[in-house]
Amino acid sequence: MSVDSLFTQPGLYGVTGALAIGIGVYGLIVRPHLVRKIIAVNMVGSGVFLLFGAVADRAAPGPGGDPVPHAMIITGIVVALSATALAATLTLRLSRETGRTALPPEPEDPAVQDKES
Amino acid sequence: MTAFPLLDPALCFVILTTAVLAVAIRTVFAAVVSFIVFGLLMAIAWVRLGAVDVALTEAAIGAGLTGVLLLSTVARIAKHRADRGDDVPILEGPEPDPAPTDPLPGLATQSLAIVLSAAVAAALVAAVALLPVPAPGLVAEVGSRLSETGVESPVTAVLLAYRGYDTLLEIVVLLFALLGVWSLTADARWGGQPGLRHLARPDGVMAYLGRLLPPIGLLVGVYLFWIGGYRPGGAFQAGTVLAAVWLLAVMAGLVPIPKVSGIRLRLALVIGPAVFLAIGLAGYPLHGAFLGYPPAIAKVLIILIEAGLTISIATILGLLVAGAPEERPS
Amino acid sequence: MTAALDAITVVFVLAGCFFFLAGNVGLLRFPDTLTRLHALTKADNLGLGLVVIGLMPRMDHPLSALKLLLVWALGMLAAATVGQLIARSVLRRGLPIWKGPQ
Amino acid sequence: MTGMLPLLILSTSLVPAVVIFFLPEAATRVRAAVNLIGALAKLPLVGLILDGVAAGEQYELRYTLVPGLDFLLRIDALSLLFLSLSAFLWLLTTLYALAYLRDGANQSRFFGFFSLCVAATTGIAMSGSLITFFLFYELLTLSTWPLVAHRGDARSIASGSHYLAYTLAGSTALLLGIVWLEGQVGPVEFAAQTGIAGADPNTLRWIFLLMVGGLGVKAALFPLHSWLPAAMVAPAPVSALLHAVAVVKAGAFGIVRVVYDVFGIGLVTDLGLGVPLAAVASFTIIYGSLRALNQSDIKRRLAYSTVSQVSYIILGTGLAGPTAMIGGLVHLIHQGLMKVTLFFCAGALAETLHIYRIQEVDGCGRRMPVTMLAFSICAVGMIGLPPVAGFVSKWYLGTGAIEAGQIWVLFVLAGSSVLNALYFLPILYRTWFRPATGTWREPLTPLPAAKVWGLVSPAVATAVASLASGLLAAAQPFSPLGWATLIVTRDYGP
Amino acid sequence: MPGVVWGPDVGSGLLALAVVLPVAGALLILPLGRHAERVPHLLFMAGLVLATAIAYHVWIGGVLTAAIGGWPAPLGIVLRADGLSAVMLLTTALVLVPVGIFAAGEFQPRTADGRESRAGLLFWPLMMGVWAGLNGTFLSNDLFNIYVALELLTLAAVPLVTLEGKAGTLAAALRYLLFALLGSLLYMLGAALLYGTHGTLDLTLLADRVRDDASALIAAALMTAGLLAKTAMFPLHLWLPPAHGGAPAAASAILSALVVKASFYLVVRLWFDLFPSLLDDTGATVLGLFGAAAILSGSVLALRQARLKLLVAYSTLAQLGYLFLMFPLAGGGTEAQPWTAGAWSGGIFHAVSHAFAKASLFLGAGILVQGIGHDRIADLRGAARSLPMVIAAFGLSGLSLMGLPPSGGFIAKWLLLTTAMASGRWGWAVVMFAGGLLAATYVFRVLNRAMATPEQPLRLVQPVHQSRQLAVLFLALVSVLLGLVPAIPFELLQIGGGLSTVEGFR
């Protein structure tokens, strides 16, 4: 293990990515509001991409870098947007149908919910 | 870089601060705003890491479109609340979080969350420290066969040639996200228009902007698409710009938003992946493999694919922001 | 020649930064939405313009310099439109407006 | 051809089962025809094999499912003992069931599962390896359940669950035993035991306990028997199937296989497992008879009688001497023939005159003389009086016990006979010597002749067979006794 | 390279088509709209032919590989089909055909008044998306490409849950989506670390380069955790029952039978092909304990459900548990044991036979809902009389769940059990036996009700088309058939497996 590598430029961004992931995971667990959960997932995603990017930068520092991870990150960002759009629409629909913007604490029988609403 | 030794640490610090804000700040609206700022700062980080393509994508899609989506979600939720009589003002009102009906996690959950996230972060920091010092990568391989792809930008070569299959699946993923959003339409409204309403008065500033910007935006979009073969840019960035311009024109009331059942809209949605797929299949006879491009015409094929993709991406992204149909078909 | 260009860049970019700073101070310190908009849009537009001017001599191609100008123009357009929209929203909803020091 | 014949025999019941499932409910005649064709086709095939095995022919069919798991059909003399019993009784039970269930509901389901049960039994008889045995044993468990629960009322459903709970737990134990054993010594086939003796004796004892415990559920060994009396709510043909043709016999047959062909008599004796097994069987014999005494429901009394009688087979196996083995094996046939007659008659009484309890049979010997004569013959046989088949079994068991030096068994046999007499003779007395006191209900309209024939003639046939097996016991080798002797002298002789 | 028409050989050329076909289907159905009625069925049939062809080529020629675009790894993406991939492809195609026939009764692109129906249209491209995602996962040899395929799978699968538009399913779908997204991100994170360490994402190349060190362990742990969340493995399982129990029957069938298997498949690939040396006793035991906990808790919860669809959904949790018993039984310890192939094949066998059985169960539950108007277990009296084929199929599929012969489930259980006993690991065997008995309890709880005679004869509220019942029965029969002719899939599975040690097993 080389702690020094954490203080290079890629190391720094790698650590930032790692911390962003940690913050996102925390937010995903404790924040009940669905919009915040979506934000948290996106934050984990950004952290993952940043970490991946930092990894790529080590291979070829400076402008350009390793283009393979860059292409993958671009793909990842688009995929994350796709998922966000779906999640946001689901949240909207949930809020319109039930007035809730959070998940029930325990998964429940969908049929029972139907009767309530 | 040496001129400002503190630039990177400061940037990282601000990124993490906005990240904490996005999780911890009191209202959901503020959280969304924090996240958008976080995304923009991330774009700067990408520039710092030399990944301009990624920076463009992050700014346009990661921060921009995602931000718009989230903001409109918050606004529409607030509107539902207002419709239900939960007296919450739109947008600027501090939406309580957790909302009155939202359950708070117990102390156990919170401690678990802290332990878990700390463990993940620590493991990752360790993993970063453990990465080998002569870093492996594919820079040389990408460069050595660049001539066979007909494009000059290495990222575009990876996206559309070496790993074109990823990109094919990616555009399909995007399409399915739209289908997923559409699937949440109420049955009676199927076939109608997405729920984006134009807010502009005909003489208002929006209408003016809506008239002024589209030509410029179109130009920028086409430019981004064209430049992608040489430098940072490409179908995704171009598609995003075009989608934004389109939405602007819709919001300005200049063009109607199409019905989801319209055949031309459907064709616009599938043209990108369809062209991609067709050229991919042509690769069997032309180059002996799926998605194989003969070097002589590789560039033409890639431009064809990018053109189709740009149309589909612009349409899909625009419709994703517009949301599920909310108007009944006439 | 390069020294002169460098000097121009340093001066203009620094000046631009100053206006950005001023705009942000305004955003934080001004009392209501309209005044804050005022500070932000005006100061930022000016600051952006100064930065753009400062960077133009450093471009290797005239076309790139033109692109920078385009960025400035679009930025101003966006700021103007958004400022207008927010201001109208303030008026329509009857949010409090600062009437001068009490 | 020697490989195809077992498969052919299996398909005589398997194919009708599948066909019947897909027949529409209204196709009564086709269903009966398919069933009877299957049953009739099976008999000559079994006869063919019987002849072949007597002449020393080998019949084997091997099919590898996955490496280490072979499906193996192999017919030896012991297989045929069970095979011919089930083939013969299947025909008669089918005839009986067709009459019994006339106009009943869910006939396709019933006869489909009925044939499936017989197919499973056939498979059990022909299995050449432990795991093949298990496959058919489970098939039997599952295909019997819908028959037990056939009526669909609360009691039937409850007794079906009772049955399943016991048998599934039993087969779990059996499978555990099999997997454990095969984990030690590899795949186990019934012909040649190699390497088993080398395993750790205590492990082997545990495995034996698991296997016999698992099989003992179906064989209704005390204390695993309680499902059997509960299952008498099922229609009479099902009772016949449970008690005589398939289920309890499969359990007993399995125990015989485990003792003779998996462990081997020598090893069982060396491990000290034979006498405890005989002791449990003896206890079950006495216990079943005692419980039968105080049942007033006819079918319940018969059910407890089965608990007692099936253990004779296990007793003979546990004693491990050649004569006792013959007695046990032959009882597999004899008990089947006699018990199936008794259930046929009990069903006929219930269907014709609505007689369910022992107090209700007063004087019905004059009303239904043929049925009650058949009943009486087999009741006498159960007690163990000559010249009916039961006497032969008990005689061999008794001499076998003396030969094995287990004199106490004689007391068990004598005690059991006394108890048998105590619970059967009162029925006979009431039937023949008490006047009719109007305890039964005549049917509103006379039963159709075909139905009466269908109910009575199978009982007569099996009663005659019981009598014949006793009278002609000495006919070699195709009387039950002759065949059992052939098995013991040829395959398990010293 | 003119002249070379089909690449190195026909079999390899087919691989990409397995993904192209469903994608093309979705692209075709969308513009066709209400005129797309027959397209999906033709595609499903073509898919079955294609999967069979690929399996055939694997069978005769061994492992197939195809570099997409002619770019070899590590630069490009390589598709690879070994026996395991072929079996999964075939399973997918074989489940989809009857599910498609079943769904045609429910999802018609054209409404009665001739307009385009929302659910009726969208169901089909979403199915195509799931199919493409599955095939993409099974065939890809590139970790990042698998990530994209997994996301395609998720984004096509989640809308299926809410397709009927019931409010109650929204929360379930969201929970599913969030778990799935976090899962894929964790997976991607592990992949990123592997790229950073070894400079490639190609599984074959990585397998040569990966060493038994801390960074590989971190990557493997992250990827496994992510995939466990997507597989709904204990303790990340609670999202599954409401999502699978609330979705339309045809969708539930696909989700429970196939979608969760994709991530399970990857866990198998990771631990047996990529990190075999990393799978020490501790890791394998942890995975096995998760599996054991899933078996027991899932079965007990299934017992307590009042609705049939939820019972079936909870049973999925339990059945997934068996799959993870293969890790302690087949892995652990550095060198392959003679019984390794047995437990490994047993796990896969279980996944396959469960796919057929579970699809049949969910479709059957759907028919009950249609025919008698509900799926409350307490009120199923008379169902066996009114819908005999469905109840028969329930019983036959139940065999696989209980692990009783004759069924694929039994063969799987036998392979796992003999391994456990032969290597003296009693605990796992006991768990399997307990799981089998619990499964019997919940299966017969339903059958008992269905067999009972009702006070009044049960009237169907809506007639059920014969073809839909036959689809249910077909799936159940396949799960039984797997127990009768297991040799062919077993042999196919061994092709290309790094640990093919069938000889030691004999």
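Some notes on this structure:
As written, the chains take the letters A, B, C, D and E, and residue 1 is the first residue of each chain.
Throughout what follows, a contact is a pair of C-beta atoms (placed from the backbone, for glycine too) under 8 Å apart; a residue touches a chain by one contact, two chains touch by 3 or more.
Because the structure is a prediction, the values reported are computed rather than measured.
The chains in contact with chain B as well as with chain D are E. Looking at which of B-E and B-C shares more C-beta pairs in contact, the answer is the pair B-E.
Chain centres here are C-alpha means, and the one lying farthest from chain C is D.
Chain C and chain E have Cα centroids separated by 56 Å. Inter-chain centre distance (chain B to chain C, centres taken as mean C-alpha positions): 27 Å.
Centre-to-centre separation of chain D and chain E, using mean CA positions: 43 Å.
Averaging Cα coordinates per chain places chain C and chain D 98 Å apart. Not a single residue position of chain D touches two or more of the other chains. Those residues of chain B in touch with two or more other chains are numbered 124, 126-127, 130-131, 135-138, 142, 162-163, 166, 170, 173, 176-177, 180, 184. Every pair of chains that touch is listed here: A-B, A-E, B-C, B-E, D-E. The part of chain A that touches chain E in the complex is made up of residues 21, 25, 28, 34, 37, 41, 44-45, 48, 51-52, 55-56, 58-59, 68-69, 72, 75-76, 79, 82-83, 86-87, 90-91, 93-94, 97-98, 100, 103-104, 106-114, 117. Of all residues in chain E, those touching chain D in their complex are 342, 345, 384-385, 388, 392, 395, 399, 404-406, 411, 414-415, 417-418, 420-422, 424, 429, 433, 436-437, 440, 444, 448, 451-453, 483-484, 486-487, 490, 502, 505-506.
The touching residues of chain B, when paired with chain C in their complex, are 92, 204-206, 208-209, 212-213, 216. If you check the complex, the residues on chain D that touch chain E are 21, 64-69, 105-106, 109, 131, 134-135, 138-139, 142, 145-146, 149, 151-154, 157, 160-161, 164, 168-169, 172, 175-176, 179-180, 182-183. The touching residues of chain E, counted against chain A in their complex, run 75, 144, 147-148, 151, 154-155, 158-159, 162, 166-175, 177-178, 181-182, 185, 188-189, 192-193, 195-196, 199, 238-239, 241-242, 245-246, 307, 310.
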